[in-house]
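This structure is in structure tokens; I'll ask about it shortly.
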Amino acid sequence: MLENLKRLFSYFSVRSFLLLFTVVVAIYLIIIIANMGGYMDKIKESEIMEQVYNTVRGNPALQRLSPSELRAILDKQIEIAKRQAGLDKPFITRSLEYLIRGITLNFGRAEQMTSDSGSNQVRLILLERLPHTLLLWGTADLLVFFVSVFFALALSRRYGSFIDRLSVSLAPLSTPPVWFYGILLILLFASFLRLLPYGGFVDAPPPSTTLAYVLSVIKHMILPVLSVFIALIFSSLYSWRTFFLIYSSEDYVEMAKAKGLSSRAIERRYILRPTLPPIVTSFAMMMISLWMGGIVTETVFAWPGLGRLLYDAIQHVDTPVIVGSNVIYGYLLAITVLLLDFLYAALDPRVRLGGARRS
Amino acid sequence: MMGFWAVFAELRRHPSAMVGLVIIFLLLVMSIYAVIRIPYSEAVRLWRAGEVVWLENPRNAAPKWYNWFGAGLPETIKIETAAAERTEERVGESTKRVTYRLAFDFPYKRFPQELALFFTSTYTTVPPQLVLSWRTPDGREIPLGTRTVRGVERYVLSGDSTLLRRLGRAPEESLFSDPKNPEQALSGRYELVMDVYTFEPGASLSAKFIVYGRVYGWAGTDHLRRDLSIGLLWGAPIAVAFGFTAAVGIALIQFILSGIGAWFGGALDILIDRLTELRMILPLLPILILVGMLWSRSIWVILATLLMYGSIGGYKTYRAMFLQAREAPYIEAAKAYGAGNFRIVFRYLLPRLIPVLIPSFVLAIPDYVFLEASLAVLGIGDPILPTWGKIINDAYSMGAHFKGLYYWLLEPAALLMITGLGFAMIGFTLDRIFNPRLRSL
Amino acid sequence: MAERSISAKETVRDQPNASQFLLNVSNLRLYFKTTKGVVQAVDNVSFSLGRRRSLAVLGESGCGKTSLARAILRLLPRNIHTFSGEIVLDGVDLMKLDEERFRREIRWRKLSFVPQAAMNALNPVLRVGYQVAEPLIVHFGLDRDEAFKRAEEVARVVGLPVDFLNRYAFELSGGMRQRAIIAMALITRPELIILDEPTSALDVLTQANIMNSLKKIKQEFDVTYILITHDIATSSELADEVLVMYAGQLVEHSPAARFYKTPAHPYAQKLMASVPTLREDKTLEFIPGQPPSLINPPKGCRFAQRCPYRFERCAEDPPAFSLDGGGVARCWLLAR
């Protein structure tokens, strides 16, 4: 048992390390793209300018000067500061510094946006919105996963039946992205039926008691989660029912039947268990596209998460926030990949024991 | 490997695939029609032109077929002085009065949306003047005031605050309301009487009176009075072209690169693993947004970025297949009898792999169509092209869902959905046909 | 003699006395529905097998021997057209049992199965030891520790090193995996073990080793084998009786001693003639042509087309004729 844990742990560490490397490369790419538009430089420049202004303004000796003289001194100081900061150095060196900034989510100040707490530090703005995104998509992911595995297993038992053929033919309904169904649901439930809110996180003004607050949040989560559900359930059912069907025709399943195991036991140990690893992988892909699709969906539902933030940043042309969002999404995806990799290893002994010890 | 016609025959057995094929066919017809009927440059010009081009359309009008369901929405009525009843009278030395009676039937119970007069006057120094009055079907006469018209002018009666104050109610309602039933319009024959006074010989005035309806065309109009059918029609070729090009491009690149990778093997393996991981982590949509904001929003740039993104990963499936196929005995046999590499690759390897390629390729097309729509909905779409996503973006930002302008959202959404479904139905059926492990079930 | 069944959960027998035969198969028919027609895989096969008389079932691929095994084991696909006849195992007609009774009373308690080594018969995500012990837990309610102890005992018997039980299937070589599967089949001490080509996917050395283990088991335990194979040479190591199938029918069933020297049926003779022998110098023969399709089998003797002794009588389906020295064969030549 201990041997097992040790092996799992070493696998986990190796994977994290490799992943970290990839994350750094990814962030570097993002920084480069951002700076092709000259943006990282601009962030640096505005920081420098701000510093210089503050020093100059704080210097009482310079207060008496005329505006144009003041201007000349400011410009000169900015020049010096820029050279000191290395803005005239070749791109490679600058980019490395920006890389460090990127990794630590240090993007300076937002141009126009502020966080709820009033700060306009990009990092704070990003981190403030993160929990909302996690709450919504985390809940939706888990819901879709468990419901579809359960029903896909049931479907695979009924291969060729009406319900099976029906759900297979409904698979194409998963082509539209989540936000598409979001809009339809809003039109139906919010606009036409007036049953559920158009969007947002909680009622305005927010209720005072904790219970009412929680209920209000749940009420606001219904439509977004429902859109995710509708958008993903059909194709999940199709893929996983197909997986189960394929894996049920494996020889060891037949052996289990020959051994006289009950269908319950066969389903659990011989069909579900071996199929879980590929299901987890396919689920990882689904989660990744969900994070992406979440951007437009949060916009549509005015849900105060990272996606909506990105949309607002586009509207306000607040580039530091956009670049920062890219990086934080990169982190989010990396963590998703890591978690699911770990889950895969825990489920599939072939992976965690790394190559057969043939005997 | 099944021949093309065998595949087709197989498809015929699945009703959903046939529906999909019909949809794609209709989509292609629509695209070809759009391109021929309204050439690209014309479509772009129409779509981006401001209100000037569209001025005679009602704003946010519903589609005409709303009336099939008994909505009773009025259509736009246009009357011109050139076609109206005209009497001329000499009033003074060089003053002439021409009276136009612009008469029309208004058979609706709902009020029109807007009233506007478009004038064109010609004169040398003294502009013509006119006196307007209104005649209802039940014989009431309502004076509308006087105006001086210089050159080309547009007089929006329904936006005239003086008129509104005088009538006590919005002009488009008060001029049409039924005294017995003030919330409804009185149907019947109306007349706009224009007494035009010209003070110079040779001066003249012509006018067009537009009673804006609430329906227009088969798709309605948007907030800029644009005929939505143009946007919807042109959305088809753009969507199909983008989706198809992206899918083909990425599939080809991945195919070729994974073939190369499989050929060399070894260290390339590790590189490919890391690259695939990199692609999983790079957030596609945010990066496209970044590119759109900082570089260019043109659809070509988006396409190029997409192709670059697609080319750094996704090898695994193809690579596995290539490796498997490479070790196949008949390949060895071919090598043994001296077939060249080229021949092996093209005659033996590729045909094996196509059946697995095709379903995922077909299924990828709607994904890219929706990706482009996503970018448009976020506001990063191509600014000049009329795409379905852009229409949804317009509708949503103008609050169509609050205002009950359902058609504005539902029409592009329906088209997107149908397109996606069409490809998906074919794709899923192809997957069922080609997936070797499913066939044995 | 080694121990018999482990627990006291005996089944109720249909007849008060155990019959003298362990297995009685009468008029067994197994037909499949396919897109091309109805495949008559097992066509009216009848035979009896005494206790501790191991049977080798020989024949070419597609002759129906695997289908025969699956019929007895009730491991059938979905597309069954006909499944009729009687299979009386130790006094109980298996055909009369519903699925649930079959599962609880017969599967792995009276009857077990060793598949081809090429099959991945072991669950990749469960430890091998668990899978070997599983039948004891499921059928006899043993707790894990007790079941694992028994698994270790039986692993020693088949020559599987005990610490391999802690591993996963992919960590074992083909030969070791097959030993594990044999251990798994043996652990509940069933009366009948059906082996389907147990060594054909293994290299010759491993084959020999496993055959030795099987022989040892046969001697030490009270078990009867039905060995399905196309490999005539190895079958001779275990068989007490031989049953030859051709085109879905039984063509000969005789004691092994007599069969390997003088097979009665022309097809069996041809089979033996195609096996190389160590000490004689013989020209190997082969049988020209192909077995007939099982979808619309020809009337009359099915081997007639390829038989060198064919004559007019063969147009009629031959019945089973008794042979001197025991056994039967279906050939008109024996009518004289």
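Order of writing sets the chain letters: A, B and C. Residues in each chain are counted from 1.
Keep in mind that, in the parts below, contacts are C-beta pairs under 8 Å (C-beta built on N, C-alpha and C of every residue); 3 or more make two chains touch, one makes a residue touch a chain.
None of the values given here were measured: they were computed from a predicted structure.
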* For which chain is the distance between its Cα centroid and the global protein Cα centroid smallest? -> A
* Please identify which chain has its centre, taken as the mean of its CA atoms, farthest from the centre of chain B. => C
* Structure fact -> chain A and chain B have mean C-alpha positions lying a whole-number Å distance apart equal to 31
* Taking each chain's centre as the mean of its CA atoms, how far is chain B from chain C in angstrom? -> 70
* Structure fact -> Distance in whole angstrom between the CA centres of chain A and chain C is 57
* **Complex interface listing, chain A residues touching chain C** => 250-252, 254-262, 265, 269-270, 273-274, 277, 347-350, 353, 356-359
* Structure fact -> Per the touch rule, the chain A residues reaching chain B in their complex are 18-19, 21-23, 25-26, 29-30, 33-34, 36-39, 159, 168-169, 171-177, 179-180, 183-184, 186-187, 190-192, 198, 238, 242, 245-246, 249, 284, 288, 291-293, 295-296, 299-300, 310-311, 314-315, 317, 319, 322-323, 325-326, 329-330, 332-334, 337
* **Residue ranges of chain C in contact with chain A within the complex** => 73, 75, 103-104, 106-109, 112-113, 115, 119-126, 134-135, 138-139, 161, 164, 167-168, 170-173, 176, 184
* **In the complex, chain B residues that touch chain A** => 16, 20, 274, 277-278, 280-287, 289-291, 293-295, 366-367, 370, 374, 377-380, 392, 396, 401-402, 404, 406, 409-410, 413, 416-417, 420-421, 423-425, 427-428, 432, 435, 437-438, 440-441
